[in-house]
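A, B, C and D are the chain letters, set down in written order, and residue numbers restart from 1 in every chain.
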Amino acid sequence: MKVHRMEAFSDGILAIIITIMVLELKVPEGHDWKALAELAPKFFSYAVSFVYIGIYWNNHHHLLHTVHKLNGKIMWLNALLMFSLSLIPFSTAWMGETSFSPTPTALYGVTLLFAAIAYSLLQKAILNQHAPDSAVVKAMGKDLKGTLSILFYLIPIGTAYFSTLVSCFFFVLVAIIWFVPDRRIERALKNESEISLAKD
Amino acid sequence: MKVHRMEAFSDGILAIIITIMVLELKVPEGHDWKALAELAPKFFSYAVSFVYIGIYWNNHHHLLHTVHKLNGKIMWLNALLMFSLSLIPFSTAWMGETSFSPTPTALYGVTLLFAAIAYSLLQKAILNQHAPDSAVVKAMGKDLKGTLSILFYLIPIGTAYFSTLVSCFFFVLVAIIWFVPDRRIERALKNESEISLAKD
Amino acid sequence: MKVHRMEAFSDGILAIIITIMVLELKVPEGHDWKALAELAPKFFSYAVSFVYIGIYWNNHHHLLHTVHKLNGKIMWLNALLMFSLSLIPFSTAWMGETSFSPTPTALYGVTLLFAAIAYSLLQKAILNQHAPDSAVVKAMGKDLKGTLSILFYLIPIGTAYFSTLVSCFFFVLVAIIWFVPDRRIERALKNESEISLAKD
Amino acid sequence: MKVHRMEAFSDGILAIIITIMVLELKVPEGHDWKALAELAPKFFSYAVSFVYIGIYWNNHHHLLHTVHKLNGKIMWLNALLMFSLSLIPFSTAWMGETSFSPTPTALYGVTLLFAAIAYSLLQKAILNQHAPDSAVVKAMGKDLKGTLSILFYLIPIGTAYFSTLVSCFFFVLVAIIWFVPDRRIERALKNESEISLAKD
């Protein structure tokens, strides 16, 4: 039940994060399509961040389902994840406002990296609750996608000073990698319950 | 249970969308009724959008009740619907701010159209889970109201450049068409459960 | 279950309404107590509105527990109540911003009146579901407090042009009248269940 | 069930409070790291307040689990707590905006103190529902941490006029003291259920 409440609280925060980003799409001065077109960088930033928060919401949901028992460490790592995600509206707005200036684009990568590290730490703390030979740990242990995406955030941070277009390419690439929900956990949990059923 | 969480998350987003729109009703400069009267276009825009989000909330609720099993496609089409609805506060504010200028009024129609298409795709993906001869599919298959309202959004987008009053008339008309909750689904679900009871 | 979801959705909206009001407490220009003191009218307006939304949340909760079956009318009257309450942050901000100018103060009364009428209509629609001789209807039928508060909102709207202090007195007075949750419903429901138990 | 709804409503408010604070991290004028560095005081204020709201969320959760029966007093003391916490985004923004000027820093301490007193009153009202010799009362009776932190809020309010750095030290210190969730209640509740089991 405590896990349930932490999940509901996190969901509330994620729903607010995803929605307040649209507040940065401020009404333009003019009233023609040209005025609207100037919002394109902001709109693109918003769309990318929307997808990222959606992905985090989805994977976070899968991850929390593997929690055996809530403890202080998991709670505060979850809070760290929420904190890092709460910075995304800010870096999204800055990147959009400056039409992809190098530093804001790099900062956007930094906030994504920060969130990825927080997620990774949370995942590790949850896996520590499982036996090292459990199906969940076996499935999640080699977190290729997680490691890969951390690397893929480092690249756009660097390239931002040469070409923010390349950086944006990587932001979209990682989003696509994560787009598919994390079936590893689902499968592992299913296997585990089948094994325990077979034992009975 | 996963459907339940997606529903709760969507509800959270819808509750925030419906409420942040009121933030655009910015306190007027003056302090008399005249200053307030100048907010009339914004207020009207807000009221119409409030009704639309309310309608989406209601029909979305009915629709999700027909989901057999949540999959990635349904989840992301739901996210697309949320994304399109999240743009309504922006277009509402622009239309109100410019006192129904042609382009902002047309854009308002475009966002409504975008949301209607997203809803339609989500509905189709959910219906694909049901047998082609099931009561739900039979009832929902000929989605007259959905098709009609997509057409009815195209008209005000065009008329905005001649008369935004006509456009507003259509925005209100579609709202009235959708006002009544979608009883087709309720009836079909009821029939289906009666049929399955009869078989037992 | 549908009532439960409408309640959750309303709660979400109320939580957002109550919280976004604080966004109007904008950071003052200066950085001393004098700068802060200038926010006093805004702070007072916020505090009063916070209490009102809290009261509505509480009584709304009691009221929804008497709903037998959700229908379209109840849903849309509930939406009307949410709409009217969503205007309170605006009128609160205007009243505070203008340090209780007559018109903004009168408008604050008008929004409270609007909300009270919406609540009253919702209550009537819900009571219509009960038998005329049921304990709930008997208890709620003579809605003295509701009628009284509608009257008490009319007075400060009028007095605002002579003395906004008198208006504020009435705003606080009605808040005090409603402060105590509506025990009538609780008692009536309890009696009803006792009667039905006695019959069995 | 009523406790459950009050908890859900409080959670909603807390999720919004924690998230709207990030709206104060306004996009800087420039687009380099220097422009970002100027946000440091705002960022630090946000981070500290995030931790405080997180702590309140956590302890509030533990506290509500000891509620026997919801009454008007508990509900309104809970509303008072929510009101006091809703002022934190304002004082956080003012403190950050002025780069820790004395008065805003003192006010930040005042809002924390206000919240601590509200929490303390709520705790007392809930403990009054338990027998004086119950395990919960015994465990919570000597609320050393609560008393200590009220004292520790008074110090930074005073020191703000000499050194806001010292004040910040105390804000962080109290956060660390509270960081660990309140296990006293958990333990006491566990003991109580064990005792009642032993009696059976």
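One rule holds for everything that comes next: a contact is a pair of C-beta atoms (placed from the backbone, for glycine too) under 8 Å apart; a residue touches a chain by one contact, two chains touch by 3 or more.
Keep in mind it's a predicted model, so treat the numbers as computed, not measured.
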Minimum number of chain-to-chain contact steps, chain A to chain C: 2
Homomeric contact chain B-chain C: same or different residue positions, threshold half: different
Rotation, 0 to 180 degrees and nearest 5, that superposes chain C on copy chain D via CA atoms: 90
Computed distance of Cα centres, chain D from chain A, in Å: 27
Length of the line joining the C-alpha centres of chain B and chain D, rounded to whole Å: 39
Sequence positions of chain D contacting 2 or more other chains: 8, 12, 16, 20, 23
Interchain contacts, given as pairs of chains that touch: A-B, A-D, B-C, C-D
Sites on chain A touched by chain B in the complex: 7-8, 11-12, 14-16, 18-20, 22-23, 25, 27-28, 31-33, 35-36, 47, 50-51, 54, 57-58, 61, 179-181
In the complex with chain D, residue positions of chain A that touch it: 2, 5, 8-9, 12-13, 16-17, 20, 23-24, 72, 75-76, 79, 82-83, 86-87, 89-90, 93-94, 97-98, 101-104, 107
